[in-house]
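The following pair of complexes shares a single chain, chain A, combined with chain B in the former and chain C in the latter.
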Partner chain A sequence: MSYDVAIIGAGPAGMSAAVRLRALGAAVIVIDEQPAPGGQIFRGIERNAASPVFPALGEDYAKGCALVAAFRASGAEYLPSTQVWQIEDGWNLFLTTERKARHITARAVLLANGAQERPVPFPGWTLPNVMTVGAAQILLKSGGMLPEGRIWIAGAGPLPLLYATQLLNLGGRIAGYLDTATTPKLSALARLPGAWREFGNLAKGLRWLRDVRRSGMMIKGFSDLRAEGEERLEHLTWEAAGKRHRVEADVLLVHEGVVPRIHETLALRCEHIWNEEQGYLAPKLDRWGQTSRKDLFVAGDAGGIGGWMAATVSGEIAALGIAGQLGIAANPDDLRQAAHLDQRRARALALRPFLDALYPPPRTRLADDVIACRCEEVTAGAIRSAARNSPADPSAVKAATRCGMGPCQGRQCGYTVQALLAEVHGLPIGDVSFFHIRPPLKPITLGEIASLEHAEGAA
Partner chain B sequence: MSTDVLIIGGGLHGLSAALQAARRGVSVQLVERHFVGRHASGATAAGVRTLGRNVAELPLSLEAAESWHHMKALVDDDCGFVACGQLQLAEDGEALAKIAKRIARLEAMGLHHERLVDADDVQSVLPGVSPHCVGGAFVSGDGSADPHRAIRAFRDAAKKAGVTIVEECLVTSLTRSAGHWRAETIRGIFEARLIVNAAGAWADHISVLAGDPLRHAIRTSMMVVTERVAPRIKPVVSSFGRRLSLKQTSQGTLLIGGGSQGKLAADRQSAAVDITALASSVQAAIRVFPELRGVRMVRTWAGMEAMTPDHIPVIGFSQKVEGLIHVFGFSGHGFQLVPSVGRVVADLICEGHTNHNLDAFRASRIAIERVAA
Partner chain C sequence: MFKSVLERPGVPPDMMVLVNGVETPAWDGETVASVLLRVPDAGRRSPISGTLRLPYCQMGVCFECLAIVDGIASTQGCLVPVQPGMRIESQRGPREISR
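Here is the complex of A and B:
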């Protein structure tokens, strides 16, 4: 099958792009792993609208209903529960739905596949019952599931606070909150004027904090957090005020912000830019969201973390850029102005510089015995010693240690390896490259790839 | 710095020659454009196979087979070599007849390493194999190794023997005067009496720089590695006339290849996976082993290596330029040959000649002038 545009991701960016492109008359297909539209933020929104969970999820979540309804009505072809596992020039996309692989082509591709949580290795992070806040939120949104027992949260940024609020709204309890945020620096305060314009959002954040303080223990200014236990998490220990503290815990939820999903753009060899403040790579984009490769666009958090409102606007902008380039719209610039997209985006991003400065990524030195690559169980120490024996190239470390060879292909350890190489070779992190990403983008079975039509003819 | 030899290319062939020459007392520098083992030697399936070798390669291959069984003596590590056997399946009677003919020819030459096996033998060596396989060839002393471990072992042994290895060091020009080579690289000037062209897929480029222009194609064979599964496949499995090779590594992962070709970039500097072509190797694997259908694949890649028209390597002195030794063009099956070819190249470096007849491997057969004439 052949389309004008293939959009990967049915979150705010992908949905708004699809709606725009359909309105301009493009043939659009939208592909998403989830069984229903909404992306991370509006996950399960259609089903949850009628459930008791809905009010607990907050005002922003409710706003997604209109966008999802517009997407459903847009006439875009929509493939839920489908994984895109390979993109080849042309553009050729290889997909799997219900164990069956197939191949489609598109004149342009829009990657609107969002963010992933920043992996934060620390002692004990691979123990069962230590999971990310994001994973816990997925359980909440997809089945109304709450963790049980003594629940601890460790992290920084808006998401843990939001999740904690959602949990409390549903009658859950939090045993304690370990706030890893460093005290706001002057640089963060300097950005407040912009932030105040979005006072509504800021006030909400403060309300979350107050709720959490009321619910249990709030711990700040600590170091060396360790999750410990035999078979699974049993207790947490940390260092504060010159003393080691220890609490019993059944579940630990961690979160240190989100970073763009870059495996697709890396695999397609797009140029990337290192964001020093937030410690992540993002594809280099032009003002329409086009990458360094023609007809390959990125919108939403996949192009740099901006939140769902900015994602919605950037989806529309990319839609216009694609339409202009494919000759579907003659005057994309006029359309862009008429819809005030630049002003809307500026407003949506107003709080971002403040948040970015408030929540820098953790930069503590990893101890040698901490596991960096969970797939292959490679420690930071093993990576350091391989790094000392090779050039500052992650591929060399991968070959020497198997780090990054597992099913996640470096989604968990990529930034850690980069940082350790920079440390060993005395380089700025941004000067060290990321792993080469090899197909498939998602693990698929041998049976699925063998089921590809036309493959026999290629023998 | 000036040494006796400058080896260009830090793949296993460059490392093996460097190690074995340095052990005999010559001074050796090795320059590698990326990091050692970045290309074919790291991308390889690492099959250690005498089975089905071109007869021209057999003397070198049989010598190498012997070395693999005593690898620790050469590099102080077994390189993960396991003599698990290599089994070439015949999926129909015609394939079996061709295999039988090959083995008969080898026997007539006094070579007895390959053994003809029937359907029952195949079932006992490879439980779970599809019953349509009617027999095949088996070499019990063949097997496979761990390529990254081999690279580390050869690198460390070479360093210990006194080889200077410089990585991220691209050679950009070569000039020769008064019996001496001068190599310009992105990390400065290197001088040597002899140069070894072990530049793999870029050997043609080095040959041009050195004034002995040669032409070769580039093979871009693809591999698939799967998640770990319970051990079930002992030997390395291939299928006569099909693009299939299949083995289970010591990690428990399955490695599937067999020569399906990826896409070479126009500038010949990289290769990308071609999923449709790869699917045919995967189909071949499932046809032979239906129970693999549900196993998840984790990663695929395409390696790059020089390929000659007759699929055998170039090994030996340049016939055109003095002080230049070529060793490349292994056309997808040079891993097994690493210990013996390194020994032969060390002979050429140290003595100027070797005991093996290298006529079949001469560079002039792919010289650009000759092709044009």
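Here is the complex of A and C:
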């Protein structure tokens, strides 16, 4: 099958792009890993609308209803529960839905595949019942799952506070909150004036904090957090004021911000830019969201973290850019102005410089015994010694240690390897490259490839 | 370790699935990876050290949720919604190449 545009991801950016492109008459297909539209932010929104979980998820979550409904009504072809495992020039996309592979073509591709939580290794992060705050929130949106027992949260940023509030709204309890954020610096406060326009959001954050303080223990200014236990998490220990502290714990949820999903743009050899303040790579985009490769666009958090409102606007901008380039719309600039997209984007991003300065990524030195690569169980120490005997190149570390060769293909260890190489070689992190990402983008089986050949033979 | 807020005394679960042969209640909208968190020792074993692992990210990027689902090994459990009668088995070795 061939389309004008293939959109990957049915979150805010992908859905709003699809709605715009369909309104302009383009033939659009939207491919998404999830079984229903919404992305991670509005995950399960159609099903949850009638659930007791819905009010507890908060006002922002409810705002996704209209967009999902518009997407459903847009007439875009929609492939849920589908993985894209290869994208080739031209553009040819190879997909798998429920173990059946297929091949489609499109004149342009829009990657709207969002963000992932920043992997932050620490001692014990591979123990069962240690997981991310994002994971816990997905469990809540998916089957209404709440953690039980002594729940600890360790991290920084708006998401842990939001999740904690949702949990409390549903009658859950939090034993304690280990706040890894450093005290607000002057540099963060200096950026506040622009953020006052979004005062409503700030006030909400403060309310969350107050609720969390009331619900349990708030711990600040600690170091060397460790999750410990035999076969699963049993207790947490940390260092504060020269003393080692220890508490029993059943679940530990961690979060240190989110980073763009870049495996697709890396595999496609797009140019990327290192964001020093937030410590992530993002594809270099023009004012329409086009990457360094013609007819390959990125919208939403996959192009740099901006949150769901900014993602919705960037999806529309990319839609207009694509429509202009493919000759579907003659006047994309006029349409962009008429819809006030630049003003809307500026508004949506108003609080971002403040948040970025308030929550820098953690840059504490990893101890040698900490596992950096979960899949192949490679420690920071093993990566350091491989790095000492090789050039500052992640491929060399990979070949020497197998780090990054497991099924996650470096999605968990990529930035850690980069940072350790920079440390050993005395380089700025941004000067060290990320893993070389090769297709397939997801592990696929021989059976899936055979199903593709079968389908092509029949066509 | 996890419990659904939809679970109420006297109200039957949305469906039953089999986890390592044991009938287990499950709720609409949850995934295989979510069920794995509720059944003791249902996680995978790391093929390197043999230690127990449970789903970590729930969004398709850590691969700690690999399980055998309806006979297919190395299925990413967090991307697969539960279905009535689904057979879920723990993956206990290196990645098996499925048929």
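Here is the rule we use: the second predicted complex is superposed on the first by the 453 of 459 C-alpha atoms of A that agree within 3 Å, B and C clash if a C-alpha of one lies under 4 Å from a C-alpha of the other, contacts with A are read in each partner's own complex, and residues count from 1 in each chain.
The working rule: a contact is a pair of C-beta atoms (placed from the backbone, for glycine too) under 8 Å apart; a residue touches a chain by one contact, two chains touch by 3 or more.
Source: prediction; values computed, not measured.
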{"item": "First (chain B), second (chain C), both or neither touched by A:I138", "value": "second"}
{"item": "Which superposed partner A:I444 touches (first chain B, second chain C, both, neither)", "value": "first"}
{"item": "First, second, both or neither for A:E33, with chain B first and chain C second", "value": "second"}
{"item": "Partner chain in contact with A:G406 - chain B first, chain C second, else both or neither", "value": "both"}
{"item": "Greater residue coverage of chain A in the superposed arrangement, chain B or chain C", "value": "C"}
{"item": "Which of chain B and chain C A:A396 touches, first, second, both or neither", "value": "first"}
{"item": "Touching partner for A:G90 - first (chain B), second (chain C), both, neither", "value": "neither"}
{"item": "Partner chain in contact with A:G25 - chain B first, chain C second, else both or neither", "value": "neither"}
{"item": "Chain B versus chain C as contact partner of A:P55, first or second or both or neither", "value": "neither"}
{"item": "Touching both chain B and chain C, residues of chain A", "value": "406-407, 443, 445-447"}
{"item": "Contact set on chain C toward chain A in their complex", "value": "1-6, 26-31, 34, 37, 41, 43, 46, 48-49, 51-64, 66, 72, 74, 78-81, 95, 97-99"}
{"item": "Touch list for chain A against partner chain B, complex", "value": "86, 88, 94, 103, 390-391, 393, 395-396, 399-400, 402, 405-407, 409, 438-440, 443-447, 449-450, 452, 454-456, 458-459"}
{"item": "Interfacial residue positions of chain B with respect to chain A in the complex", "value": "34-35, 37-38, 42, 148, 151-152, 167-168, 224-227, 242-243, 251, 256, 260, 272-280, 282-286, 292-301"}
{"item": "Residue ranges of chain A touching chain C (in the complex, touch as defined)", "value": "33-35, 40, 44, 47-48, 51-53, 81, 83, 99, 116-117, 119, 126, 128-132, 134-136, 138-139, 142-149, 170-171, 231-232, 250-251, 261, 374-377, 406-408, 411-412, 443, 445-447"}
